[in-house]
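Heads up, the next two complexes both have chain A, just with different partners, chain B and then chain C.
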Partner chain A sequence: MILTALLLVLAQNPAQDPRYDRLDPDTRARVITIVDSARGVGLPSEPLIHRALEGAMKSASSERIVVAVRRLAADLGTARLALGAKATTPELEAGVAALRAGASPAVLTRVREVRRPPVTMALAVLADLVASGVPADSAAAAIIVLAPSARDAELAEFRRAVERDIALGAPPAAATSVRSVGVSSVQVDATARGAQPGKP
Partner chain B sequence: MRPRAALSPANHKLAPLLAVTALLLSAPGVVRAQAKATIDLGASLVRYDGFLLSSAAAITPTFEWYGRRAALNARGTFLRFESGNRSVQGSVVGWLFARPSKDWRIETSATAGGSSYADFASFWHLLGEFRVRRDTERGGLWVAATGGRTVFGSSQEARPVFAASVTAVQRRSALVLMFSAGRAFVGDTQYSDIGMTARGQYHRFVLEMLVAARVWSLGAGEGVYGEASGSLPLNKRWSVVMSGGRYPSDPMRGNIAGRYISAALRFRIQRPTRSIAPLPLRQSGANGGDPPPSTLLTLTPQSPGYVKLVLQAPPASLVEVAGDFTEWRPISLGQTSEGRWEVVVPITAGVHQINMRIDGGPWTVPGGTTRLAGDFGDEVGTFVVP
Partner chain C sequence: MFDQQEPGEEEIVERVVRALKRPVYIDRALDARVMSEIARPAPAQPMTRRAWTRRAWPWLAAAAALAAIVIARPWSRDRTPPQSGALQFVLIAPQAASVSLVGDFNDWDPTRAPMRAARDGVWATVVSLSPGRYRYAFLVNGVEWRADPTAPVARDDEFGSPSSVVTVGGRGS
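Moving on, here comes the complex of A and B:
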């Protein structure tokens, strides 16, 4: 209860959050302003605080920390616009990762439209694919095909399969296209083509 | 699995093959990160050319394993016909993949298999294939040459096998088309197959169809044949598989021509892997500096809300990680064995960021995570906790 009460106090008065003590006074004041502003429009504050703490741990300059936090706040806003007001913090963070990887806000919106929440894994896989070298439009096409029905575990498996094909030398877009239609056996197992499932 | 030849004395030769398959099936932990094992339980109606229509119950275990430079596929089928006769068939295929050069890659494979049916003769085959393959974003081209031996019964000489084929692949969003043409020589028998395979997926339903023709045949029959199969997952472990059609004789593997229709329940033996770390991605070597060699992070869920981070790292006296889940405070990992460092931390579901450092060195990205440009002139690794 004490912890809950403390968290409630901190939520109402974020400037009292002891984590801010890791920032110098000038940085702290500017970050708190950005966080308060973000909170005021309904954006989550934790990712912003974490970004500031990351900068502090890496001994970044005050200006750089403030720019990073401000940029993340803007990206969170873009992600929320694309994903809708009901998007959760993990979904927004995954959305930001996808946006920064090169996906467009329209793609985020499309994923949200075709998949029941949460869309965290779908967006994270999208970001991973683009970071792996898959062109953003190819990655988006694959995820949009899979998103309506694939479970999170299946998306993760799909992502691993694509990464493995890329590691084996397949062009990233080709690997994504092939894996998204589940043709691994055709792709790899040319000599076992006769082994149709169920054939007596 | 068609009942071809197969002599009864060959049964004891099949046992080691099935034993290897069974061993692999029973040891998923060895290769679980990239392995899949299933077993099909089904029923078929089949009419082999020259035989009466018969129903059969079938059990078909399969095992697949994929590595970075190699792959393995083992498959067996046990059939019990309404006559009471039994048929057993098994095959193991192994691949080696050469390091790719641009879009080109060389693959070699070796296939060993055999079958036996009641007290008829058995077949055995041992084949090797060399394949040159080019993959592009929209398709690919494979040129393959196959050589080996096939044996009909225990009292006959092995017959030499040689085959060559060309396959073109076209990919169109959710559809893959393969066009192939090949010529095969098996002892005195020779034939050509020309055909097209289409594979598509609509939501979770996967459909594959083959239409082909056998032409310029000497001893292997001629005509048009085709097969279709579809699979629909019911849940994580179970799916329904249906297939049917007509296939030609296969002198290489001893299959006789036949028509069939079958339905099966497929059970996935392999538990979905609990590791949530991906394979290492190609490293970009951007601002943050290359990661230390041979680092690999894997994450394993523990009790609810907790995840074990396991980091493979070069010899060191101190390995630390930091991320949003530590409020970006460095935490030390404990060494559990040479090069293996672990820590259990509370991590919520979602996307997380991480950096690591060794012996107080620079913060880098551990292998096994996705590298993204950071906001502080470096790079961070990201991972997802489902």
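Moving on, here comes the complex of A and C:
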């Protein structure tokens, strides 16, 4: 009851969020303005607050924090345009990561079209592959192939396998291509077995 | 055995036969009493379990359907139920006096996830996370930022210190 009342107060007056106290007064005022604007157009505020807190914790300058928060708000907006108004906060955050990794908004939209929600893991794996050195186009192509049927755990394992191959010296694009074919064939086999009851 | 039957038994049998042959006198009002008993409405019996089930099943079915709809939430696009997973974070830092795990999941507050030194400089902690993508880093001795060497790096590091990312999956497709 008390918690609910507190949350209601915070929702009505976000400036009273005690987490803002960790920002210096100038940064705080500017971040609150950005967060309020974002919330006004329906974007989630938590990722923005987290980014400001990260900057403050890392002793970044006020200007740097404000630029980072403003840029994140813009990217969240782009991700929402690509993923649709019903995209969840984790999906939007993963979408931002994919966009910053080099995926186009069209790729995000395509992943949304072919995969049952949530698309968080698919977009996060795309971003992580690029961070591992896989070209953005190769990573996007692999994710679009795998997204319709691969489960989250399979996508995570796919990423780990590609990273292992790269660490062992495989060219990133080749590792991605080979591993994605492997995951796809496993799924095809599983589907075929499922279509023939009684067979192992 | 029949040859040895005593004469008294024959007499008994004969008496029984005579009794059975005797005409039966029926009360003239019997028919009226029987018919009035039949016509009288039956007293209310306590409802048996089976009868109760028969009457209640439409309501039970409706309640079950309602519960299924509420649980499945077909109107919701995100049909993944909130799940949380306990993840262990480990950093090998033999020279460290203290290590904290800080990230989006604890508002970048080093006091909320201090790590424990196991042995030989291995620091570890376990955090329960719901599905999502989180940025985090290790804070060593309160001043030194380190990324997790076992996790993907956050490419968009805008503050000059390394961070890592962890993605917790839901059910997915």
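Here is the rule we use: the second predicted complex is superposed on the first by the 182 of 200 C-alpha atoms of A that agree within 3 Å, B and C clash if a C-alpha of one lies under 4 Å from a C-alpha of the other, contacts with A are read in each partner's own complex, and residues count from 1 in each chain.
Rule of thumb we're sticking to: contacts are C-beta pairs under 8 Å (C-beta built on N, C-alpha and C of every residue); 3 or more make two chains touch, one makes a residue touch a chain.
These numbers were taken from a predicted model, which means no experiment stands behind them.
When the two complexes are overlaid on chain A, chain B and chain C occupy overlapping space and clash.
With both structures placed on the common chain, the touch criterion links A:A141 to chain B but leaves chain C unconnected. Chain A is touched at more residues by one of its partners, and among chain B and chain C that partner is B.
In the superposed model, A:R116 lies in contact with chain C only, and not with chain B. Using the contact criterion defined above for the overlaid structures, shared-chain residue A:L53 touches chain B and also reaches chain C. Judged by the touch definition given at the top, the superposed model places A:K86 against chain C, while chain B stays out of reach.
Once the two complexes are overlaid on the shared chain, A:R160 sits against chain B while remaining clear of chain C. Contacts of chain A with chain B, set against its contacts with chain C after fitting on chain A, overlap at residues 19, 47, 50, 53-58, 60, 64, 67-68, 71, 89-90, 93-94, 97, 100-101, 120-121, 124-125, 127-128, 131-132, 148-153, 156, 159.
Across the complex, chain B meets chain A through its residues 1-2, 34, 40, 42, 44, 46, 56, 58, 60, 66, 68-69, 71, 73, 75, 77, 79, 91, 93, 95, 97, 99-100, 103, 105, 109, 111, 127, 129, 131, 135-138, 140, 142, 144, 146, 167, 169, 171, 173-176, 178, 197, 199-201, 203-204, 206, 208, 210, 227, 229, 231, 236, 241-243, 245, 247, 250, 253, 255, 258, 260, 262-264, 266, 272, 276, 278-282, 322, 324, 327-330, 348-351, 353, 363, 370-378, 380, 382, 384, 386. Taken in their complex, chain A has these residues touching chain B: 19, 47, 50-51, 53-58, 60, 64, 67-68, 71-72, 89-90, 93-94, 97, 100-101, 120-121, 124-125, 127-128, 131-133, 138, 141, 145, 148-153, 156-157, 159-160, 163-164, 166-171, 173-174, 177-178, 180-183, 186, 188-200. Partner chain A is touched in their complex by these residues of chain C: 77-80, 102, 104, 107-110, 131-133, 135, 139, 145, 152-156, 158-161, 163, 165, 167, 169-173.
Residues 19, 47, 49-50, 53-58, 60, 64-65, 67-68, 71, 86, 88-90, 93-94, 97, 100-101, 115-118, 120-121, 124-125, 127-128, 130-132, 147-153, 155-156, 159 of chain A are the ones that touch chain C when the two sit in their complex.
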